[in-house]
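Alright, structures below, take your time with them.
Two complexes come next, and they have one chain in common, chain A, joined by chain B in the first and chain C in the second.
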Partner chain A sequence: MTRDSTLRSGLRSPRLLWIPAAAGLALIVLPVAGLLFRVDFARLPELLTSQASLDALELSLVTAGLSTLLCVLLGVPLAVVLARVRRGGRVLRAVVVLPLVMPPVVGGLALLYLLGRNGFAGYLLDVVAGVRVPFTTAAVVLAQTFVAMPFLVISLDGAIRAGGDEYERVAATLGAGPWVVFTRVTLPLLLPPLASGVVLSFARALGEFGATITFAGSLQAVTRTLPLEVYAQAEADVESAVALSLLLIVVAIAVIVAAGPRMTARVTEGARP
Partner chain B sequence: MRLTRVVAAAAIALLLAGCATAEATRTVTVFAAASLTETFEQLAEKFEARREGVDVRLSFGGSSRLAEQLAEGAPADVFAAADDKAMAKAVQAGVIDGEPQRFARNRMTIAVAPGNPKKIDGLTGLRGDVVLVTCAPEVPCGRAAQALAANANVRLQPASEEPDVKSVLGKVAAGEADAGLVYVTDVRAAAGKVDAVPITGADAVANAYPIATTREAAEPDLARQFVEFVLSDEGQRVLRDAGFDAP
Partner chain C sequence: MTLRAVVRAARGQFRLSVELSAERGHVVAVLGHNGAGKSTLLDCLAGLLRSDETSVRLDGRELGSLPPHRRRVGLLRQRPLLFPHLTVRDNVAFGPRAAGASRRQARAIAGRWLAAVGAEEYADRRPDQLSGGQAQRVALARALATEPELLLLDEPLAALDADAAPAMRALLRTVLRSASKRVTVLVTHDPLDALALADTALVLADGRVVERGPTQRVLSAPRTPYAARLAGLNLVAGEAVEGGLRTPDGDLLSGLHAEGLEPHTPAVAVFAPSAVSVYPRGKSVPGSPRNTAEAVVAAVEPHGPVIRVRTRASGGWAGGLTADLTPAAVADLALDPGKPVTVVVKATAVDVHPASSLSAARSA
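Let's turn to the complex of A and B:
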């Protein structure tokens, strides 16, 4: 054997890994396939165009869109500050990823005890402005933003730190102030990772369930998003729940396709800690 | 190498321990409506106390969801539902053994904050700025709430339709909702965290609770014994103490 061919065979993944790898892939593919087998395609149009389904779809798209926007408005500044902070970066980063590792139901309870009628912020809002957050569409958006924002922040934070700050240094030596450096240098460089962060947080917001049902409740056209509608329909009409699940999968695939293969690769790179 | 040996020894020890406990205890699994939570926990305790090495495993949830889980092959020996419709779903799926028997009835009531600060006086009081929470119409307590509202000619405008009755109670107990349509027994089980406002005509739409053993029960004898225990004088006394009516 030449050294070259030894090198090549040494770089191939060992055969032994193929078995668990195939099992891992099957674990993702088979349940989706199982769902597809249960779809009643004859009733599909009727099930998907029921008022409850349409309300849930519209509500899901609107709330996930709004919460993604909120994620960008709050998450981009947070990521930039986080990546450049001199001290305490580790602690801050741990705080930011908390919603990622925390069960969403716990997040929902936490929001409820802050913004609920008996929470201190909720009480103030109610007394001062007469605003009540729980059981409203705004509560859905808040719950989704809470769980989705870490995805965006992490993608950006990783990209900023990996990219270093050479361009910013050059801009600064040429006399640019912090705001000019941010808007003319940092932001344009961040667009590709930002796009992947947006895709990730939109997908997470779309799938949000636990925090939403705990904090916002479940009411058609107000707080019952697609995942909640799937859960509610599973009690009454399983066919309908299956049809809606199919819809959610289609939307998810659409998101992946829209993101494109390059972006998917970047998303996974961005997610690497 | 040594680590492998330690891991192997631990695995064998675990396996042996697993076998040993499997021999010592028999487990009967009971799926029960959320509204039965406290009562069935008590019943299970009494049932276990009588029998050496018998463990009752309880799973509570919305009756319709439990019926659905049974239809999909969830392993349970006994199913107790909060209304006939949920039980019929399980019967239709072919998972129920024999004829379900009714063991209790339950009435709806309005759960409010202690002292009833909003002065709610009945179904007609559930309007204006009262934040109302009900069960979703797909589950028994939601069906009962809708029937009540229809009888009283009231249009309910809930802020949320929850997946089971305990979630409704939780929203009222937490102070997020002013009123919740729950069962009489839920208010009693909440022990002072909420007060009840009676609903006129609640008797007319009281749910009948059916119980049955399953066809694929892993412990058919124990399952039958548990159902008999629920229907026995002692079992019925526990249910009555919790606020359930006779079937």
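Let's turn to the complex of A and C:
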């Protein structure tokens, strides 16, 4: 018998919870495992290197990258302003999370009626600049940004409010104006939650389907991202759809692994001391 | 006078109304209990809180309308609040950098101030590698590195443990004394800090100044119950009469009149908790002390090496007093809350001072 003097928690969770907990875990693991069983590993290289698959993968990575960048450029200022508004913060927060609770298809439709040929902004853009947004790669990026940005804004907003503004106040008494305070104090302190927000937004953008297909359509190499390709292939070639799904899962796992330490860091450090 | 501040502000039901003035090189202590408005006052001086009725003049320069970063104030809080993403040196260099110094100049300035507070050896550490006392030293260096004209200290010793506080107090004493042109406002609830560091003191209660004057005077001869409580002294109010003080109930409290005390004017009797003896009620009191009154024990709590007993009134002037007894005496007398007792105060230990009405305190 071995004895271990390492201290460990004397608390344990009630046994009764283990049953639904196991069922919950199974609900996540089993479908993925089921998919893995269906993969035809012999045909896998051929399926994944088809032109359509490569186009979809490239488009997905490029658009998800661009929309994540857009999320940072727009979402960080939005979160900082949101966390410091004196009035109406609750209403604004509800507006910001709207894309999170709204079905993505509805979001895509809304974008279409804003920027489509009959939408007022779309009409203006067409007439004034000759730009048509729907059914272009730009539309994919917009649709992904629309659904992904709330993840970034919420994780930052929570971190800012949990951290309070004591450091910013001290910085102000040290002679730092609002912009210096933002760049040299607020932003560096927000890096851990920002990292997790970026990962979440990227993952959400990568998996985006409903808003994209409604607003951007499904044109190979232009708007047909990986999830759209999976959907298209599910009708024609199930083997191919399964292979692409595997690819999406691998990318998702890579994202989680890359973000792993950051995610945990955010939970422990995100709320500033 | 180089600092003249009038701070009037409201937040919900709380109203702050304070006038404050100080000369260059002087330290003003703002004393008061939690919720008296001390920190709000400092935030108004720093510009972190603003109200239209607040005016802060430094050498005739009006700061009231300036944002905090233009006021040239330094603020040191209870917690050091060092920026966790910067090294100690870069923390101290932050102010000079914000003021436009080059990176090298700022680091040189930081080095000088770290040396001044005896913290140069930690220069390359991260804030989370410092003890509380070390971090507070660095925070002081950071506040001083901007060479503020107005230095605001918000309970700078309150979060330090008993070992670190005396060293930090000594450091503050050195730094504040050597300043020739700075005005310092020190917020504290600890009379020791005020006595060690401040030239003058004002006592804040419910957002208003109830007493002000030289620190020593305010804390040794308080004129109001607030100041007496802060100083840890007992205070009984009444009217000056021959040989002592007449309480509103008509009891006579014998004591020594301070100079210039006019008979039949408002007065306060002040005495230390150590001058108060407590006996079980009904027992004969030894000797022939002149000041006895009945009370009930309200609370018994340790206070350093002695036990502090608080009383509540049961008629007479002996309610709300504190008495310092030895643990043995408390055990002997079985002093538990609710026990009726007789309180005795030696007449020679009682000082009777003129009472300062609120208006008198303001103009002092």
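Here is the rule we use: the second predicted complex is superposed on the first by the 250 of 273 C-alpha atoms of A that agree within 3 Å, B and C clash if a C-alpha of one lies under 4 Å from a C-alpha of the other, contacts with A are read in each partner's own complex, and residues count from 1 in each chain.
Everything below uses one rule, namely that a residue touches a chain if its C-beta (ideal position, glycine included) is under 8 Å from a C-beta of that chain, and two chains touch if they have at least 3 such contacts.
Just so it is clear, the structure is predicted and the values come from calculations on it, not from any experiment.
For the composite obtained by overlaying on chain A, chain B and chain C can both be accommodated side by side without a clash.
In the superposition on chain A, contact of A:Ala171 is made with chain C only, not with chain B.
Residue contacts after overlaying the shared chain place A:Gly116 against chain B, while chain C stays out of touching range. Once the two complexes are laid over each other on the shared chain, residue contacts for A:Met102 go to neither chain B nor chain C.
Taking Cα centres throughout, chain A sits at the apex of an angle toward chain B and chain C that amounts to 150 degrees, reported as a multiple of 10. When the shared chain is aligned, chain C comes close enough to touch A:Val185, but chain B does not.
Residue contacts after overlaying the shared chain place A:Leu219 against chain B, while chain C stays out of touching range.
When both complexes are overlaid on chain A, the residue A:Pro134 reaches chain B alone and has no touch with chain C. Once both structures are fitted on chain A, no C-alpha atom of chain B lies closer than 43 Å to one of chain C. Taken together, the two complexes place no residue of chain A in contact with both chain B and chain C.
Interface residues of chain B facing chain A in the complex, by the touch rule stated above, are 62, 64-65, 68, 131, 133, 136-139, 158-163, 171, 174-176.
Per the touch definition, chain A reaches chain B in the complex via residues 112, 116-118, 132, 134-135, 213, 216-220, 223-224, 231-236, 238.
Listed in rising order, the residues of chain C touching chain A in the complex are 46-48, 67-75, 77, 79, 81, 83-85, 94-95, 98-99, 142-143, 146, 152.
Partner chain C is touched in their complex by these residues of chain A: 166-167, 169-178, 180-181, 184-185, 188-189, 191, 272-273.
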